[in-house]
Every structure is written in structure tokens, then in C-alpha cells.
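Listed next: structures, encoded as C-alpha cells.
Look at the two complexes coming up: subunit A is in both, with subunit B in one and subunit C in the other.
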Partner chain A sequence: MANTYMLIAKVTVTGTQSNIQFTNIPSTFTDLLICHSLRTTRAAYHESIAMEFNGTGSNRTYRRIYGVNNMNIDNGAFMYGGQAAGNTNTPSTAFGTSMVYISAYAASRAKIALECGGSENNDTNTLRDMVASIWNDTAPITSITLTPENGGTIQANSTAYLYGIKNT
Partner chain B sequence: MTNRPTKIVVDCTNNTETIVELTDEEIQQMEKDAENAAIYNAAREAEEAAKAAAKASAEAKLAALGLTPEEIAALR
Partner chain C sequence: MALTYEPISQGIVSSLAAYFEFTNIPNTYTDLVVVADCKYNSGGGDLNWRINGDTGSFYSWTRFEQLNSNRANTTTLINTTDATQQALIIGHFFNYANTGVQKVVLSQSGNVQQNVGLSVGTWRKTDAITSIQIYAELSGAQWAIGSRFSLYGIKAA
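Moving on to the complex of A and B:
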């Protein structure tokens, strides 16, 4: 079990941004944890966040449990990095909340990322999910990109925190 | 004055933020990804709607056979 959490970097979005990138992530930790609170311009109650490591969209797969009106499962060639509020989510101060745990991010084997997220809205159209994604690549993760899935932008005052975790 | 989309880049070595304009390639990729997501989401929503319709139809047939709502719920 992890016994040290250290804040590596944090960001508060200004203006509207197409994505958030954490770059030059040090390889000195065991695992990584991203916590974010995002709102996007998508004209919907929610927006899913796509995740890429090291700037590549290759070798990604996911298995997901999610609910909109009811519970569903699916899978595909993609990685999910959380849920954000969409622009029709009310009030305008509502954001999504998500956590993404990436274990052994610097190891020379496939990496697993566990995500859970939802938005601050009780509407039945608001998606909430739990996802296990795999990046099947032996390179250490040195950068992480979080992008709204449907082409919207991330709104001002959204925040993202990247923590490094050591197990010793 | 262009209105080019930007991204926020956080350098973890010193926790500095930089706002950077997207390249043409990144914009094209973003548009392609959004297009693919729209196709995928439309297919997913259609599948969910078909599943919900099949479930409602099955429940109506069970009710017509004389099952109570509690008995139908117990089958779920």
C-alpha cells in the first residue's frame, strides 16, 4: 500500500483550453494519482475525458461500467481519464469529479489506469463510470494528456492535480 | 487576429504552466477524435435504446401472461 503522497503538479485552467498536459513527469515514484474537477463546453450534461500517455493514441484499451439512465458495460480501443460536467449541467458552478490511479507507471510493461468519475448533478442523463484502461506499452509514462472526448474545451476554473505515490 | 485553440501544458519539473496554440496536426487529430466519438456515442445510444425497448417489450409480454410486477421484478 502507498504510504506517501506528494503533489507533483497542479493546474487551474484559465480561458478555455483544448486539453491539459502534464509533461516531464519524474520517474521517481511508484504510482501516480490524478484528481481533477473539470467543466467543459460540450452541450450536454456530461463529457467523458480521453487520456493519452506520452502523446500517443496507440495500444490503448478499456473495460467500463457506466450508467446514464441505467447501468451498462462496454469496451474499446481507448483510455478514459475521467468525467467532466457538460455546459448544460446546472448550476454553472457544477463540475465533474474524477480520480485516475496509474500503477507502476515507470515499469517496462503494460500500464493499468483505474478511473472513477461523475458530475455534480443528479440528472438521469449525467453519466457516471468506473473504468479499467490498459496502455500496452513498455515505455515509462512521462506525459499525460486529458482531452474532452467530443471536441469541446475545458472551461476556466477547472483544476487538475497530479500526485506521485511511493510505497516505501 | 486568429482564434486558434490552445492547450495548457504543465511542466512537472518546475510546476510551470504554459498556454500553447495547437498545431495544424493536433487540430486535425482533435477533429477526427471528436468525429469518431460522435459515431461511437450514437451507436452506443442506439444500442442502449434497443436494449431498453426489448426489455419493456419482454416485460409487457410477461405481464400479459399474468405475472405480477413483483414477479417480473424478481426475474431481473
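Moving on to the complex of A and C:
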């Protein structure tokens, strides 16, 4: 019987680190799913996570619906890989949670990633978002890098899991 | 250990098709997930769900999205986002085999045009879902070759 969701890799941060990388991603799945729980050192309630495929920062765009106690939209040359709690977010055990679904990651065409995530702390300053990101590149995705957008580091006890999804 | 997430069916469009349909869906799961990684050959508008081939006025939907702001309608289908360009739509059909409840689908979507959106749709019938048809808002549009549709079943136990 099929094993639809398979764990490809997991990262548990023990100290601090500048990013999270998944490398040597096999091409044997249909889609990919990233689930993460992150907290960063940014002096804010929340932090966005930038996403790169294959170490390439070009040909990236996104459209986003997001809210910080309200609702906004924006777009730009970037890919969103989720939301994390910032260091102002209390208590220190508060983490952001996100999921990123990447379809046809091994196909020879542009890649679409759907992300939804947020951080919460019983306050009005945290952020929730839903994003469609595009990597306009035909190369199969073999690595994924998640980096705090504003340059901080990822704190201990943060976790990130990469799953491969098979449709047969 | 129980397998909670299983592929039921999948298809890749090999010639232009007006719609794609999952049929004979077993009633042995709790929820269904459809992943549509697709686009039209030209035009087409929004991707629609139709359940059990029902063309009656038993559907309604509400969505918010970036390009077209908020939309809602009572209609003969459940509407999601535009798939004129490559699009990814993930639909979660809850309690699809429970004959005591109306059926609800949550759809998260995005495309390379680009847009991002979330819709909730209701089929105001209590029949078990046995088929799901996926087709274009605008008549004459067809699914392009290479469009891929996957159906998964989720078991709560």
C-alpha cells in the first residue's frame, strides 16, 4: 500500500543558525510539503521567512494576503517560506507555524508554492499570511533554503520538516 | 500504524479536455483532498468544482483573493481561482461520505499570473460525494496537456 507522505528530512535547531537548508532532495515524489515551527532573534513580534530553491535568488515573485490586526495585500520579487515568531513575541516559547506546499517540484517548468502561516501571542501585533510564490525556472528543485527576511538567526527548538508526497 | 493519507486516483491530461472528473470515489475515508496542478489551453477563467454531476442550484461559495478582492455567489458550482496560467489549487472536502451533513470544501489557490486566494464552498445536499468534476468557468476552455489532478483520502482512524 502506498506511503503517501514520507519524511525526507527534518531539522531541529539546537543553538542558533542563520538558515535552514534541505539539500539533495530526491526527484521521486510528486509534490513537497514543508511544515515548520520557528522563532527568530528579530526584535519584533514576527518575522517572515524567505525561501530560495537551488540557491537561486532570481526569478522569484509572490502575491500575498496578510494581516497584522487588519488585512493587507502586497507583491514583489521574493518567495515566502512562512512566518516565524520574533524575539519580542512572548513568552519565549511562542513560535510561528507555517506550511508550504510545492507542486511538481521536479517538473521542467515554473514552480508554484502555496504558503499559509502565522505567529500568535494573544496580542494584536502578530502576523498571519497566505502567499502564492512562483519560481520561474525550469530546473528541478534539489535544495530549499529558509532564511529570516531581516537578517536575524533562527533560535533553538525551532523545527522544520520536509515531506515528499506521492500520488500513486 | 494506521495509514491516514492515501492516494485514491490521479490523472494527467494527455489530450485537451473540457473537464477532469474523479468517479467512483469510495466512502471509506473521512475527508478528501484534491490537488489540481493545471492550466487551460486558452482562456478559461476560474477553476470550478462540481459534485456528483449535479448541475442544479445547490451550491454557494465565498472567497477572498488578491486580484479580484472578495467575491461570493450562489450558483451551480463552487468557484476557486483563475487557471488561465499554471495554477495550483488544493481542495479539502470534509465529511464527504457523511449523509447527515451538507458538504463543504475549502480551497487554497495560487497561479503564476499571479493571484492567491482562499474560498469556501458548500454543496447543499447530504448525499455522499462519489464524483468530483473539475472544469473551467468559461465555456470552450479545455485543460491543457500535462495538467495533473490527484485525489487523496484521509482517514481519521
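Brief remarks follow.
Please note the rule applied: the second predicted complex is superposed on the first by the 164 of 168 C-alpha atoms of A that agree within 3 Å, B and C clash if a C-alpha of one lies under 4 Å from a C-alpha of the other, contacts with A are read in each partner's own complex, and residues count from 1 in each chain.
Definition applied: a contact is a pair of C-beta atoms (placed from the backbone, for glycine too) under 8 Å apart; a residue touches a chain by one contact, two chains touch by 3 or more.
Since we're looking at a predicted model, the values are computed, not measured.
Steric overlap between subunit B and subunit C is absent once the structures are superposed on subunit A; the two fit side by side. Of the two partner chains placed by the overlay, only subunit C lies in contact with A:112; subunit B stays clear of it.
Legend: residue contacts after superposition of the two complexes on their common chain; A:36 is shown touching neither subunit B nor subunit C. Of the two partner chains placed by superposition, A:46 touches none, neither subunit B nor subunit C.
Look at A:9: by the touch rule set out above, it reaches subunit B but stays clear of subunit C. Contacts of A:60 after superposition: neither subunit B nor subunit C is touched.
By the touch criterion defined above, A:131 reaches subunit C but does not reach subunit B. Closest approach of subunit B to subunit C, taken over C-alpha atoms in the A-based superposition, is 12 Å.
By the touch rule above, subunit C contacts subunit A in their complex via residues 3, 5-7, 10, 35, 37, 64-67, 86-88, 90, 108-112, 114-118, 148, 150, 152. On the subunit B side of its complex with subunit A, the touching residues are 5-13, 15, 17, 19, 22, 26, 29-31, 33-35, 37-38, 40-41, 44, 48, 52. Residues 1-5, 30-31, 61-65, 73, 75, 101, 103-104, 109-110, 112-114, 116, 130-134, 136, 166-168 of subunit A are the ones that touch subunit C when the two sit in their complex. Within the complex, the subunit A residues that touch subunit B are 8-11, 13-15, 17-26, 48, 50, 57, 68-70, 72, 74, 76, 147, 149-151, 153-154, 162.
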